[in-house]
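As written, the chains take the letters A, B, C and D, and residue 1 is the first residue of each chain.
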Amino acid sequence: MQDLINDIADTMANAERRGKVADYIPELGHVDPQQFAISLATVDGKVYSAGCATTPFSIQSISKVFTLTIALGQMGDSLWSKVGREPSGDPFNSIVQLEHESGKPRNPFINAGAIAVVDAIMMGHEPKETLGEILSFVRYIADDDSIYFDHAVAASEMAHLDRNASLAHFMKAFGRLDHDVDKVLGTYFHQCAIAMSCEQLAHAGLFLASDGINKPSGIRVVAPQRARRINSLMMMCGHYDASGEFAFRVGLPGKSGVGGGILAIAPGYGSIAVWSPGLDSYGNSLLGTQALEMFVQRTGWSVFGHY
Amino acid sequence: MQDLINDIADTMANAERRGKVADYIPELGHVDPQQFAISLATVDGKVYSAGCATTPFSIQSISKVFTLTIALGQMGDSLWSKVGREPSGDPFNSIVQLEHESGKPRNPFINAGAIAVVDAIMMGHEPKETLGEILSFVRYIADDDSIYFDHAVAASEMAHLDRNASLAHFMKAFGRLDHDVDKVLGTYFHQCAIAMSCEQLAHAGLFLASDGINKPSGIRVVAPQRARRINSLMMMCGHYDASGEFAFRVGLPGKSGVGGGILAIAPGYGSIAVWSPGLDSYGNSLLGTQALEMFVQRTGWSVFGHY
Amino acid sequence: MQDLINDIADTMANAERRGKVADYIPELGHVDPQQFAISLATVDGKVYSAGCATTPFSIQSISKVFTLTIALGQMGDSLWSKVGREPSGDPFNSIVQLEHESGKPRNPFINAGAIAVVDAIMMGHEPKETLGEILSFVRYIADDDSIYFDHAVAASEMAHLDRNASLAHFMKAFGRLDHDVDKVLGTYFHQCAIAMSCEQLAHAGLFLASDGINKPSGIRVVAPQRARRINSLMMMCGHYDASGEFAFRVGLPGKSGVGGGILAIAPGYGSIAVWSPGLDSYGNSLLGTQALEMFVQRTGWSVFGHY
Amino acid sequence: MQDLINDIADTMANAERRGKVADYIPELGHVDPQQFAISLATVDGKVYSAGCATTPFSIQSISKVFTLTIALGQMGDSLWSKVGREPSGDPFNSIVQLEHESGKPRNPFINAGAIAVVDAIMMGHEPKETLGEILSFVRYIADDDSIYFDHAVAASEMAHLDRNASLAHFMKAFGRLDHDVDKVLGTYFHQCAIAMSCEQLAHAGLFLASDGINKPSGIRVVAPQRARRINSLMMMCGHYDASGEFAFRVGLPGKSGVGGGILAIAPGYGSIAVWSPGLDSYGNSLLGTQALEMFVQRTGWSVFGHY
């Protein structure tokens, strides 16, 4: 397996087309596009890595998997009155669907949906408390207390908040948010600014590969059915309006972030984190997707195959 | 396993809410809503059935899985220039997306996409020849020459063709169809009017559970990667704008039809066909979905779990 | 006044940018783009013309004013249950609005609305009879029996009917059309293929400038309120999604056709017909619009001014 | 004329269906729905009033006519790079069109467009200065220094700003606003909270009935062409997605506000202000529209007729 991981990293190191680093958040625009990392954590406790797998990067929307998990833990199925669970067919920051459906976001992974999820887990608390809880949870499932918020990235996002502010105010106008828009957005931008390495991220995702149990520690994070359902949402909605493409090419539940990371889950096998900052036109990591496609072709771990 | 299948059939026999039989096609409106059938064909050659599993019903949109398979066999990936592979977020008969995207349907399972697929496989031939080829293929993968076109259903659909004619003419106006609209629609309606029983349908879907090999016969129908990709499309788009819901509740690639049938694939395990004519508000079988949900809860065969 | 008309014709004869002749109807694509004509018929019975004002051209969508007048004569306000009277904000052939509003067209001048109007005036008759009635009416208000259907243009449109067929079938699917789609479309395409000269057209429109009375003959065509309402519809919807632009620049109720003609009404003054085959990006005559803008700037006949 | 004005007021005083007072701005919700006022200012300097024509009410969106006039005075036609001039076909607070057209509002009278106009006239100044300029202009054209901002209404709107904040942030995200969203909204809400009586409003609108000259004083406010163009925008877009209906029934350029006022212009004749707080389903004054319809039927002052 280590050979395969090395092969993938070598192939990606030599790739000429590397995509375009997100620049609408200036702080993300400074990242070196030559970087690539991959890390696989298996359900039997092994870790295989290559590239700069211990370099922290901004996980951005991948954090939505973790806040969704927290929200389901707090509220259970009542969360679904606040946010749907269907692919939207629209880009991550689209507002058209919100107008057609009275301010209720289609799923928890488009921006509007993730903002609604953050609002749900605030439960009357201040942003600082909520952020403390989010960070604690991520550190816990990654078993690593060095994970941190990159405040420079959060500040950079706060300085370019308009598109997300538009979504939040729109939902607020329909009574879909309980807290102040400013507080919800502040919490949301910090959540997106969590910095993790591929090794930390693969570890953090492992509970989704094992029906809810974090295999190395043996601790149950969520019930089996919940783990499966989170995976289903990652499959259906994890790559916005390129979710179908990711399912077609990779065949694993996955969640991307504009920082260039992708977390993919191979149920029963392991959790794979990849990172390369250059994005394709849908905002998903170009080489990260190629790396996962190559990984699944060689391992056969597509959920759609008979492996 | 037979006990589980029997349990499911018993539960569904006693269900009070049975959904609403499709009545926009009058011929389908006459079907008795009390009927229920389930059939599981496993990759090791066993068959478990309960209910009226040998009663033929109109498979309707489930046929789109088979025409997609034929089209990919003929054209390979060039098919994707004619039709996309993303969930649309819209109902099965929506035309809004077509106008926004220059007449190219989002995926092969919405009506517009399936009509484009039929046009692709006609390749200059007459409807009769194309229909002959479709029927031969379905009989071949089901290993059953008694499968037939229900001409009364096809005629009933032809008499209520306007919504689909609108879709077809719209695509034609953008140069997306090569053949006459009337011929394409005639072929499409007959394809949808294929009548099969649950046992036949489960058998026909088995190649998708075995990386492309029809296990009982050992014959390869498609390459492994193609089988996985068809499954991914069923997962992402098989239930229209309720595809997310089906993934969330059932967790298997599946394709529904307004006749009340659903074909679901458990890769590595088997192919499950269910039938109950009453539909939910999205046009998917109400009890069929519940039966599959119960089946997966008891077997753990969700592709998102560690089974 | 004749001097002004001559000035306008001279200016337009020398214009370099002349727009693009419609080529989606091949028969229209052959027309010489160098042609220009203008004709003003005044309420006191004078006629001022310049350019090729006696050359017949295809009036296309301008015919929708006449079929609307016929339909209101037959049905009165019950017509408004079949078609709305709001600008749509969308191009002339858009289908998006139809899906959002259950197949009811926004107004009688977008294609879908005009098709619904034709269906309304058929009243169970065959296309031939309806077309006879339409032609009789146009000949009557223009006082000229030489006006005719250009069957070559109609045939050319029939051969490229898909976009309009899509609209018609969509409305039929919602029960919005009473007659066969083929018959309605056949009638519609012939109506659009009426050939008239600018002089004939200006004469035909005169009743709208005089509260419903065709001034030269003194015959009342419609009641005063109806004339005003037809003018209001021309103002609001007569140039599709460039109606606001026409109101802003010209300030008169007007109706354009892709043949390059425009009929404009100056209530209390007269009826102006212009023709130049080259179109702007919205499908309206480029020089025709400029000619009307120049005309109104010089006469002050904008309905929005104090003339 | 006074008899007609009295007749109208009497008819409306006895109307049973009076519409629904806007309650999404709580401060507006307290207004007594039994009130009705009408005032006509003619180009020859006469004033005819009935009902509570000296009672100030919140003019709300009618103020958009005045800020548009100011913006055109400052910027001329360059304003049209910031905002379009087409009817949108959507409700006043819709955001769908903004997403489809890169954040550029369709016209200056939908909320998004009016916010863009306010941003344009701020020109780097603080809200206080801009509001001072707006109020001075309105007092000047109404020749009445008692006109004021109703700060309670402005505060009430600020407390329910989310829908408009969503629009503003959306435009800001596309670089369409030069100033801080908070400052633009603060200015916008105060502008909408201008309180005027029907007599003051009719007086203020008079320059639009006289090709730009405020007749009583003889002072030119805008050039003739600009007056006509503002009228054209009122006709095409002044009643949101019911603009076609207003043109059809009334036939005058008009602008409504959710406070229940309507300003209508009869070019060459006069300016008519009506007020009745109850609204129809489009957000336009129910009795105000009926009053104007009655007025035009009796006077024949439709711009579409030969009066």
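Observations, loosely collected:
Heads up, the rule we're going with is that contacts are C-beta pairs under 8 Å (C-beta built on N, C-alpha and C of every residue); 3 or more make two chains touch, one makes a residue touch a chain.
This one's a predicted model, so the numbers in the text were calculated from it and none came from an experiment.
On a Cα centroid basis, the chain most remote from chain D in this structure is B. Chain C and chain D, compared by their mean Cα positions, are separated by 32 Å.
Centroid to centroid, with C-alpha atoms defining each point, chain B and chain C lie 47 Å apart. For the pair chain B and chain D, the distance between C-alpha centroids works out to 55 Å. Taken as a contact graph, the chains are arranged in a single closed ring, with each chain touching exactly two others.
Each chain pair that touches appears in this list: A-B, A-D, B-C, C-D.
For chain B in complex with chain C, the touching residues are 94-96, 98-100, 161-163, 165-170, 172-173, 181. Contacts from chain A toward chain B in the complex involve residues 43, 84-90, 97, 106-107, 209-211, 224-225, 227-229, 231-233, 235-237, 241-245, 247-248, 251, 253, 267-268, 297, 302-307.
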